[in-house]
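Below are two complexes that have subunit A in common, paired first with subunit B and then with subunit C.
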Partner chain A sequence: MSLADPRLHGPAVTETTMPTSTMTSAPKTRASNGNGTRRRRHHAEGLEAGKRSTRTLLWILLAAAMIFYGFPFLYLLFTSFKTPIDTIAVPPTILPREWTLENYTNALGRSGVLASFINSAQTAIISTVLSLVLAVPAAYGITRYKTPSGRVFIMAALVTRMVPPVAIGIPLASMMSAAGLADTPIALSIAHTTISLPLSIWLMSSFFEAVPKDLEEAATVDGCSRLGALWRVVIPVVSGGIAVTAIFAFLASWNEFLFALLMTAVRSQTTPVVIANFQTQFGLDWGSMTALAAVYSIPVILLTLLLQRKIVAGMTLGAVKG
Partner chain B sequence: MSTRKTINRFTAIGGLCTAVALVATGCGAGGPTSSGSAASTVNVLVEAGGHAELTGVAEQCKKDAGIDVNFVELPYDGMFNRLSSEFSSGNVSFDVAALDSVWLPSFKDAVQPIDELFTDEAKKDIFPALVKEANVDGHFIGMPAWTNAEIILYRTDLFEDAANKAGFNAKYGYDLAAPTTWQQYKDISEFFTKDGMYGTDVKGGVETEWLAHVLQAGSPMVLDENNNVVIDNAAHKEALDFYTSLTSYAPPGAAQVDWAAAQNLFNQGKTAMTRFWAHAYRQIPKDAPVAGKVGAAPMIGGSAGVAGVPGPWYLSVPKATKNADNAKKFVKCAYDYNSLGIESSLGLASRISAFEKYQDKAGYESFGPLISTLNGAATATRPATEKWQQIVDTVLVPLLQKAVAGGDSTALLADAKKQIQDLLK
Partner chain C sequence: MRISDRRFATFLMAPAALFLAIFVAYPLFRLVADSFFKISPIAGGPRDFVGLDNYFRAFASEAFMGAGWRTLAYTLVVVTLEFALGLGMALLFTMLGRNSQIWRTVFLYPLMIAPIVAGLLWKFLMIDNFGLIGTLMHQAGLLANPNQIGWLSDPNIVLFSVAIPDIWLTTSFMCLVLFAGLQNIPGDLIEAARLDGARAPAMLFRIILPLLRPVIAVALVVRGIDAARAFDTILIQTNGGPQSASETMSLLIYRTMIRFGDPGLASAMGTIYLLAMLAVAFFAVSTIWRPGKDN
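Up next is the complex of A and B:
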């Protein structure tokens, strides 16, 4: 809500749009009604003060929430600039006593780090595209053709989310190996799609639900086929939702650890496994681990910033249905 | 229309990215080979911390035998799952695996015998406990790559301080020096527990240290040679009572203290002594308050003498590899050039001759105590049972956590005996 919002300045707007005839008699009215005006002004000031204090309270709550959510990442970031002895200080310190970039040099200079970044990107991109390609038509079909089998299908998709990944990780690794896909990003992408696809279908279903059927019918009347209406009318409307779904699918793959641990070796190891390798039986290199984790989070932060508007639009899309 | 354009743009970018990604997928970015099918390439699966130990060996093996080595590094916590998964599937992505000693019995059927590498000369140059452990069901199935054991690390600046020396002698009636017995360890811990400092740590989160005390008290660990559960015998109780008695001289929260916490406490100067793996001596950060002020001594002894629990890693060759010949050549290289591991950041080896070569050099003062501990009369490896890791995770660590929190040792040991018997049924 902007400061020029009429809902905030109701009386002023009324006064400026007042007809001229009324304007001439206004002083008299005001003079004869001095106590009431004062009371109104006091009342308005009280309301303004109340709004100000509410806003301050909201800002405080917002700041507290931001600190609560952001602190772990900030701590990670600060730790990545600490010297080795600072990282293990007892009691721990938040800010580095001495700032250093050595951890970044060590982490990025480690063999296999660059390759792991490329592998992570490949895997996440393929997995995201696979998820969208499968989830968009599946969700559209489920929401537009409300059949019993569709309902069973979407529930079944939800149930697959309840299976612990470790239970399917080992069979999946064996299957990929038998298919000749062992230690390839495509195998890992397929595995990651099993995680992101159910969520993608559910998300896309809620976005499609929010799109009035009238839009498609109008497009059909104008000569579009069913698929044409989906492509030309519905998908542009839910583009924010697709962006949200893509972000979730990308993040699910980008940060996934267990399948990457079980299914990758020399060629396709992803960065989460490399980050975990800083914890060894002989000690934990906090500095390098946090430095690599900080670098690894940059692409995701950039992606989120890039798609911010789409995400906000997508988040509110489901809220206007009905 | 602008939305359509955006959609089209995203579609185009997405398509391009996918195409690039799919093209690149053919080989992955990590390297051209994934299995050891290429005749001159060997893939070695290794815990991330052990990678450095074998890097020098790999370079030497390339020169001597023309074998290229790819390392597959994994975190310790995930390695057992990965090994289980690949061994059970019959398809392995590696030709050599570095196995923690506790896993050898679990994977004995999945790895090949390498008896030919254990010549008489080799057996003489490997610590007796490791030779025994490497032999499972009559065959040698793993070549020790490096080994470790707990020794005593102590603060030389505190021990050599004149006031401390005089004060200690006046209170306990003998000179302050690195402890050799349980009683000395307890006395020194008590003496240094003052002014916000503690004499030692007590690790409730790991079991190995208590088991070393069990050996020092004259009993095999948990199981006897016939696999009878002996965890409730007098030696186990004596060791447990000694272990928990030190909590008065250790930082609070012993139940949660593990290796990392204990190492931090010592490096930060919060404890005067620690019983810790020998490699930690060379890993004290240069900017630590205790850097240059640490001495090393053999593990303390009980009624049965000095004893430690070795922590070796073995190189094994999976039965499923198609590259067994080169894999065995690499294992032989690792034995021949074992001392190269000492030059690594970890600084460990498995051959007695390798440790002896370095023990008198500056910076390697921990090697003498390590050799003494590994050669200790009562030093022994962990019981060779497939259920060992399960026994540790579900019985021993919970037992210790309850004990250091004040639990009754007799009742806890009796309860542990029942649980272990159930696990072994």
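Up next is the complex of A and C:
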């Protein structure tokens, strides 16, 4: 596994939301995990600090970094429990003087807020399914058959990533209204899929790359069709990879703002747009804004951290077995 | 009858290719086509062919050239700081070894936060009067007055301030990419260098960074492209202000299209922006990344 191999790092880094486990595990599914782990452990002795004093210093540095990176979100949480008048107190305090759920009831009680959550979830789910349905066969076609058109296609997918959403947002929005889909979750999820599909193709390609070819050759010898071999033999092997890809597609849609701003009005508005609108529509209502931002962020933070552990566990299990 | 492998591969790729053709390539074609017209913002309004006029107007406009330079400066600030911080964190986690694993996971959390929320919470930290950062710096004795630095209201520093949420959000990404790269450096190599008496700076600049070069290149290109397209965090913090001092290309195009109702001009700007991004990205990929080439 040479460092220069773009397969190793290329696909997995094409998105900004990518947990560690995927980076290190993407190219190694069960099939090729054995010596990867051994080498990693060996290496740990290489750069790992040995001296007690050095380690203490490093831990202090880590604590400082954790506070710096953790504090902004904690402050958002604390603020969301302050009384509305307290949120704009001068000078500001870190902890609420008085803990209250007022901001939460205010924010969630506002018309359109709950509906926006449903829209966000609906859009993200449709977009994730669409991404997977299109990306899984495409990535398999690219990696397994290595045709010239496949190579062109994966480069084209990379170029797609460079397109600024603002450049295609307006034409896309007018196409959707021409198709009678204006202001619907379907239209928005299609727009979000233009972002997540190239990423999903790159990710899935790296997962398929790790599956040994003998696997489906054995299946086709046993009388499976190529499609049957893909469905019954290859897909189960890369199911961990599909889960990872699904997480990224979901997050890309859940957190997206610009397309949502351009393509939704009232009916299909997602929560990021509602959060941004709090600013203009109701003056500066920081309390409600922070409460809504917290409610919107916490489920995905927890979900991703939870699933991430599962993915890591699956990979480790595969390594032990395989 | 069994179809050939090549046909089968095409059949598997066709749906995704078709999707990208309809929903990415065609809108791009429309964008380029619109850039040659003067278009009335009212639906169904007149469309007059004006040739390259929109392009001349774009290059002649101070707003466009200004936004171009600001986008470049913003991208350089974001990518440089993120790289330095990400590398520092990756080295820290590597040097601490296994025990730091849980913190590595926790450190990822900003990646899951929506950019719009990140922009919002940093705006709240930096805003004039009740922003916490000024107050804390004042209490620590660094500032004479909590409002001494107008993070988001001083045109001279606002471009740096609006970059902070972006850096905060994606340092974790840099860190984990570099961390993964560090795990692939053979331990023997480090041991050998250590036996040869290499000190920390030499180890970093002579051994670690050269070995990480392909990973670094990918990370910088990917993040550079993202930073050059930044929109959400800036829109919610300053909306491009004060006095357009934080107006990057995405914001300018958005405002030209929506607020100033000039789709033709906005399309020309979008086309130039896209071509510039492609040119820079291809240059970067061919000179520093060199996919498929071994060291």
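Going forward, the second predicted complex is superposed on the first by the 217 of 322 C-alpha atoms of A that agree within 3 Å, B and C clash if a C-alpha of one lies under 4 Å from a C-alpha of the other, contacts with A are read in each partner's own complex, and residues count from 1 in each chain.
To be clear about the criterion, a residue touches a chain if its C-beta (ideal position, glycine included) is under 8 Å from a C-beta of that chain, and two chains touch if they have at least 3 such contacts.
Only a predicted model underlies this, so the values are computations on that prediction, with no experimental measurement involved.
Peer 1: Does subunit B (first) or subunit C (second) touch A:Ala293, or do both, or does neither?
Peer 2: Only subunit C; A:Ala293 stays clear of subunit B.
Peer 1: In the overlaid three-chain picture, which partner chain does A:Ala178 touch, first (subunit B) or second (subunit C), both, or neither?
Peer 2: first
Peer 1: Is A:Arg97 in contact with subunit B, with subunit C, with both, or with neither (first, second, both, neither)?
Peer 2: The answer is neither, since A:Arg97 touches no partner chain.
Peer 1: Let me test your reading of the model: by the given contact rule, A:Ile85 touches which partner, first (subunit B), second (subunit C), both or neither?
Peer 2: First partner only, subunit B.
Peer 1: Between subunit B and subunit C, whom does A:Leu58 touch in the aligned arrangement: first, second, both, or neither?
Peer 2: So A:Leu58 only meets subunit C here.
Peer 1: Going by the touch definition up top, name the partner, subunit B or subunit C, that contacts more of subunit A.
Peer 2: Of subunit B and subunit C, the partner in contact with more residues of subunit A is C.
Peer 1: Is A:Lys213 in contact with subunit B, with subunit C, with both, or with neither (first, second, both, neither)?
Peer 2: Touch status of A:Lys213: no partner.
Peer 1: Please indicate which partner A:Tyr75 is in contact with in the superposed arrangement: first for subunit B, second for subunit C, both, or neither.
Peer 2: second
Peer 1: Thinking of the overlay built on chain A, is A:Gly141 touched by subunit B (first), by subunit C (second), by both, or by neither?
Peer 2: second
Peer 1: Check whether A:Ile170 is in contact with subunit B, with subunit C, with both or with neither, and answer first, second, both or neither.
Peer 2: Both subunit B and subunit C are touched by A:Ile170.
Peer 1: Identify the overlap between the subunit B-contacting and the subunit C-contacting residues of subunit A.
Peer 2: Common interface on subunit A, subunit B vs subunit C: 88-90, 166, 170, 174, 258, 276, 279.
Peer 1: Mind listing the subunit A positions that touch subunit B in their complex?
Peer 2: Going through subunit A, the ones touching subunit B are 83-85, 88-90, 112, 114-116, 118-119, 121-122, 125-126, 129, 132, 166, 169-170, 173-174, 177-178, 182-186, 232, 235-237, 239, 258, 261-262, 265-269, 273-274, 276-284.
Peer 1: Mind listing the subunit C positions that touch subunit A in their complex?
Peer 2: Per the touch definition, subunit C meets subunit A at residues 5-6, 8-13, 15-17, 19-20, 23-24, 26-28, 30-31, 34, 88-89, 91-98, 100, 103-117, 120-122, 124-125, 129-132, 135, 138, 146, 168-173, 176-177, 179-191, 211-212, 214-215, 218-219, 222-223, 225-226, 228-229, 231-232, 235-236, 249-250, 253-254, 257, 263, 266, 270-271, 273-274, 277-278, 281, 289-295.
Peer 1: Spell out the part of subunit A that touches subunit C in their complex, as residue ranges.
Peer 2: Against subunit C, the touching part of subunit A is residues 1-4, 6, 8-10, 13-14, 16-20, 23-24, 39-40, 42-49, 54-55, 58-59, 61-62, 65-66, 69-70, 72-73, 75-76, 79, 87-92, 94, 133-135, 137-138, 140-142, 144-145, 147, 149-150, 153, 156-157, 159-168, 170-172, 174-175, 190-191, 193-194, 197-198, 201, 226, 251, 254-255, 257-258, 272, 275-276, 279, 286, 289-290, 293, 296-297, 300-301, 304-305, 308-309.
Peer 1: So in the complex, which bits of subunit B are touching subunit A?
Peer 2: Its residues touching subunit A are 3-4, 6-7, 10, 14, 17-18, 21-22, 24-35, 43, 45, 47-50, 70, 72-78, 81-82, 84-86, 88-89, 91, 93-94, 100, 260, 263-265, 267-268, 270, 277, 279-280, 283, 285, 287-289, 346.
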